[in-house]
Amino acid sequence: MSKEIKKIALLTGGGDCPGLNAVISAVTKSAILNYGYEVIGYKFGYRGLYNNDFIQLDMTTVSGLISRGGTILYSSNKDNLFDYAVEEEGKVIKRDVSDVAVENLRKEGVDVLIVIGGDGTLTSARDFSRKGVKVIGVPKTIDNDLGSTDITFGFNTSIAIATEALDRLHTTAESHHRIMILEVMGRNAGFIALESGIAGSADVILLPEIPYDINKIVEKIEDRKKHGKLFTIIVVAEGAKPKDGEVSVAKIVADSPDPIRLGGIGNKLANDLEKIVKEREVRCTVLGHIQRGGTTGTFDRILSTRYGVAAVDLINRGKFGSMVCLKGKEITYDSLENVIGNNKQVDPNGELVSVAKKIGISFAD
Amino acid sequence: MSKEIKKIALLTGGGDCPGLNAVISAVTKSAILNYGYEVIGYKFGYRGLYNNDFIQLDMTTVSGLISRGGTILYSSNKDNLFDYAVEEEGKVIKRDVSDVAVENLRKEGVDVLIVIGGDGTLTSARDFSRKGVKVIGVPKTIDNDLGSTDITFGFNTSIAIATEALDRLHTTAESHHRIMILEVMGRNAGFIALESGIAGSADVILLPEIPYDINKIVEKIEDRKKHGKLFTIIVVAEGAKPKDGEVSVAKIVADSPDPIRLGGIGNKLANDLEKIVKEREVRCTVLGHIQRGGTTGTFDRILSTRYGVAAVDLINRGKFGSMVCLKGKEITYDSLENVIGNNKQVDPNGELVSVAKKIGISFAD
Amino acid sequence: MSKEIKKIALLTGGGDCPGLNAVISAVTKSAILNYGYEVIGYKFGYRGLYNNDFIQLDMTTVSGLISRGGTILYSSNKDNLFDYAVEEEGKVIKRDVSDVAVENLRKEGVDVLIVIGGDGTLTSARDFSRKGVKVIGVPKTIDNDLGSTDITFGFNTSIAIATEALDRLHTTAESHHRIMILEVMGRNAGFIALESGIAGSADVILLPEIPYDINKIVEKIEDRKKHGKLFTIIVVAEGAKPKDGEVSVAKIVADSPDPIRLGGIGNKLANDLEKIVKEREVRCTVLGHIQRGGTTGTFDRILSTRYGVAAVDLINRGKFGSMVCLKGKEITYDSLENVIGNNKQVDPNGELVSVAKKIGISFAD
Amino acid sequence: MSKEIKKIALLTGGGDCPGLNAVISAVTKSAILNYGYEVIGYKFGYRGLYNNDFIQLDMTTVSGLISRGGTILYSSNKDNLFDYAVEEEGKVIKRDVSDVAVENLRKEGVDVLIVIGGDGTLTSARDFSRKGVKVIGVPKTIDNDLGSTDITFGFNTSIAIATEALDRLHTTAESHHRIMILEVMGRNAGFIALESGIAGSADVILLPEIPYDINKIVEKIEDRKKHGKLFTIIVVAEGAKPKDGEVSVAKIVADSPDPIRLGGIGNKLANDLEKIVKEREVRCTVLGHIQRGGTTGTFDRILSTRYGVAAVDLINRGKFGSMVCLKGKEITYDSLENVIGNNKQVDPNGELVSVAKKIGISFAD
């Protein structure tokens, strides 16, 4: 079926995520060793596709790459070629430049494009597929909120980093009788907070999916005090919200341009708690970019390798317009049309929330 | 159904495994907080059950326990109460003393026994179940070879340790142009070697399930040399075997009392390779007990917690004689009768071996 | 000389610091095994001394303690018994209650008090020494800014954590062409920023001791760009200051009660740089309490053990009113009178700053 | 004085050691940025100098190198150009080929040679210095036994790895009541065993410098049992010896070609102890090459950088024939003539052995 495939291209889009290089390595090795495909990599995500800026990928390029964080192809965060900022007559205007990309692929003789990215990057991948480009997607997000797949690479490394941070905060909280808050990533989905909270022995976990009541947090603090525990550890996803309405970041930090950087829900909560629980110091740490870079963990190295190999196999099988997935322990695939628009969230009634509650963790609901 | 359950007991058997304490913690918390069960823990595995040697487990006992390696209940390796060494009239003879155990449970008012262990420990659990004791099993083995469950706790921590060791050996192999062998655990099943080998960028992986041809290893070394790679990393499971027959440990080490400690397949292979590949130094490291102790990894803390909570839920649901399992992403259970005798092995034609081969890893078959 | 010493007491004061428990362990073991002293530990620092709140310390209490973060004696941050907040007739007023402490020591039969703490805690230790109490000090501060000693325990673990964070930020900075700022501790002294900056391959290091010129940072960024490096890593000590005057935290964050938590110099710098270097995203991570808790590193375990043993030896030798020190590779001591008021800072003309400059790191001076 | 220096060369010799790349990086950056020297690196140690096999080193070559284990210049273990194996008329004979090396340096216009290595490599460096070559040495050995310097790079990373291994063995020893032996490197000097033993809470430390009495080890095991400690951790340096004479490795392992790999003192001790302490299982792990590779620790990154910068400064100051050293906290230098033949050993009456004894660690002496 795919006899004519001779050359494939790769690109990586969106934020950093441990495992990107491992996917690049697996795709390149598998394509060359098993099918004899030529492999190139566009630099800076879709921008490189637009500018025809690419490098050749071979066995030497990807040697020793499986464990390295980042992406040797670089990435760009918000470049959407279907609505791309170009300069015309001195003004920056938005244009659909996707035809330029399609033409670049044609000129270079690229038969298939493998796109490694999250929701935004894969939406463009679907749109290119609709235009007739042969596309294969590989799911990437440390938040683990992409649809159709049980798990995305990067997530496991991320929760390991967050758990280690919680282990460190634990000793200080216990010795100094503090209330310690750790804010982790997760704007729309609280998987990182939930899993690192369980593994790191948090007392309270706050998720975007379960609006919290601050009084319930105070109850938990008081209840622990009664049992001789003079400290409390709280993990909060950046997208968590109090029950009584939206968080006004403006109320926390007057003129911050970046809600991740200044303010944010962790700091709001610290402020709010300090007013109520007067005898305890409250400290908030925002884990930030530390949780998305660095050496890739074992689990994610294996998962990324499986995804990379599976992506090349899908090419061989002619399954274009689809994304590789993990379902249970099986690697499989789903169409990009199904993936986009079907992001996952933590199920407030699911097993893992239930497990957390059963060992005494409060969600302040 | 289980209205009458008031008191449960726990024991841990077999070798060390990261996550034992996390299961103990989850069982205790979940049993007390959700069902009001009293919880005791027998010390030293079945020996404690025979000697009626136990401790009370409560919220304080298990505080801060989720990350700690080892087991606060201690363990014993080979105590089988159905064939137990007792001293009678100055001689040590083997007896079935299981009735003593059953009587101890009755006297203490223990309604259900949760047994955390591997194949041997769970075989006894099944046998107690056959005698009418209400038993729940929790699967434990770093080898990941127990039947009915996709994964056992401890395995992930173990492959992370082995992968880190491979990362370290890599720099030396590359700088000094060595052939480096790492021997990891796995007598009958090569899951640790396979997964750490992929994650740690091994060039050759040798498994019990795929007898190896030393000439194929030499071919791989030569092939790498042609591509400018003057070093080779080999991961070998302790149970790996050459195609041409059994390994005569006696031939390697004259009078060693312990094949794990002296000799072993890794050292045999090093000897054999040095005779053939004369221009390279060959070094073997036996990872040994380092891969089964210490701080429990994030993945295993979560899995152990899920297993512990599920075990208590099974009690509440009256599902005695069964073992908690993970199937895909779901926690479920199977009967101990099905579990015992159905150990898993790596499938030589399965996805993961295929993935490894596709990225160029040799199994020397 | 010290024939009459029979009982000694320990207390820990100030913020958390990896190695506190290792000192407690070494003092206890050494005092009991070598001199037969009885050992007690006051809880919550000086507050416990005031309230006569203590525990017995023996070989069992300190078993397995060397690696554990935090302090089993707990700590308090700002309790100064020479100016202590007490309630009298419904009002909180400050009183000198040090006589109560002296009387408590007398009543319990405590011959010598070992005080483990930083500048504030040791100032009180000196004051108790002036009142005639036999005191030995042990230097503790992750900032490494105490006088008379080359190094304090906790510092090495702290820079290891900061370096690991820099390693993680590096991959993201490089892949995404970002300017990444890491704010580390150090209000008055920049040792953590300096050493983690060198180890973590920072391009710019900003210290309290060397006021910075933002234009020099921009020059560095531009210079790197010319050499094909589209990213820059900046480590900034929390006490770093721009040349043109004090940082007005108020300008950054309107109503934040805690300059560590909201705002701070790292975020100010991010704001300032984003206005100048428009084509790059700037991200700031504040490492916070993660850098002062958790498992103690190897170096600090050994140093803390040496300090603990030396403190007990000083008792035996009757060298009261002094603090244990490390000078070069020798453990020695200095009088608390000399220590207090002689805090260290990074020498802007010293070897380590010079080393950093010679490998191309900018201090923006 | 050194106005004429225009080009310098680097080589790395001997076994792997974390920090080699960090020295290469610091030398290269400092030489280029501060003095405008051209820098080349000979590959495979002295062999590359003989074969005139080198690469150019510039800012790009060494970018991102500080943390990477191994050496980008590769190394060779036993190549001594003053007694070098060459093939003449079909036979391998040993010749002094140092003149070839001197001529190669002259032809390439290399003014100074920086040699990074241990005892053997630096002995040759001294010999080249005697022949009139301008040489600077940088001390490298994970064993930390080189004279004239307080500490060598690599040592700290090595004891951190050994300590982590001890932490892991601890949980298993405690849970399973085992006697656990860890054999670490150190043929002539026991620094690794001593420092990792203190940091990793060993109960017994065996050093080459303090011959051991096995009865004293048994006494320690019995004494611990009396205090309720049913496990014992022993760290043994590979060069440790029993009091009653040399270890006959031949007695342990009949025909092993490599005493590190098979047999060794750790395994001998395990055999011996099992015969005496019959009720306990004894397990030995040989840490091997894991302790000398992989990511370089924070301390060694800084020390290596200081050494590299200092080596270049010595060139500028014309201090040829010398080696950079650390004395206390100062970087200084000594002549290679003084360094060679003055290897260090652990002082059996020194502070660190005394500290270990005072906290209850036995040396079985």
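Should a chain be cited, it is by its letter among A, B, C and D, assigned in written order, with residues numbered from 1 in that chain.
Here, a residue touches a chain if its C-beta (ideal position, glycine included) is under 8 Å from a C-beta of that chain, and two chains touch if they have at least 3 such contacts.
Note that this is a predicted model, so its numbers are computed, not measured.
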{"item": "From subunit D, the most remote chain by mean C-alpha position", "value": "A"}
{"item": "Between subunit B and subunit C, centroid-to-centroid distance (C-alpha), Å", "value": "42"}
{"item": "Subunit A-subunit C separation of Cα centroids, rounded to whole Å", "value": "35"}
{"item": "For subunit A paired with subunit B, centre-to-centre distance based on mean C-alpha positions, whole Å", "value": "32"}
{"item": "Subunit A residues counted as touching two or more neighbouring chains", "value": "167, 170, 295"}
{"item": "Each pair of chains that touches, named by its two labels", "value": "A-B, A-C, B-D, C-D"}
{"item": "Contacting residues of subunit B [partner subunit A, same complex]", "value": "25-26, 29-30, 33-34, 59, 63-64, 66-67, 150, 156, 159-160, 163, 167, 170, 195-196, 198-199, 201, 227, 229, 297-299, 301-302, 305-306, 308-309, 312, 327-331, 351-352, 354-355, 358-360"}
{"item": "List of subunit C residues in touch with subunit A within their complex", "value": "15-16, 20, 68-71, 74-77, 161, 164-165, 167-172, 174-177, 180, 252-258, 261-263, 267, 270-271, 274, 281, 283-290, 292-295"}
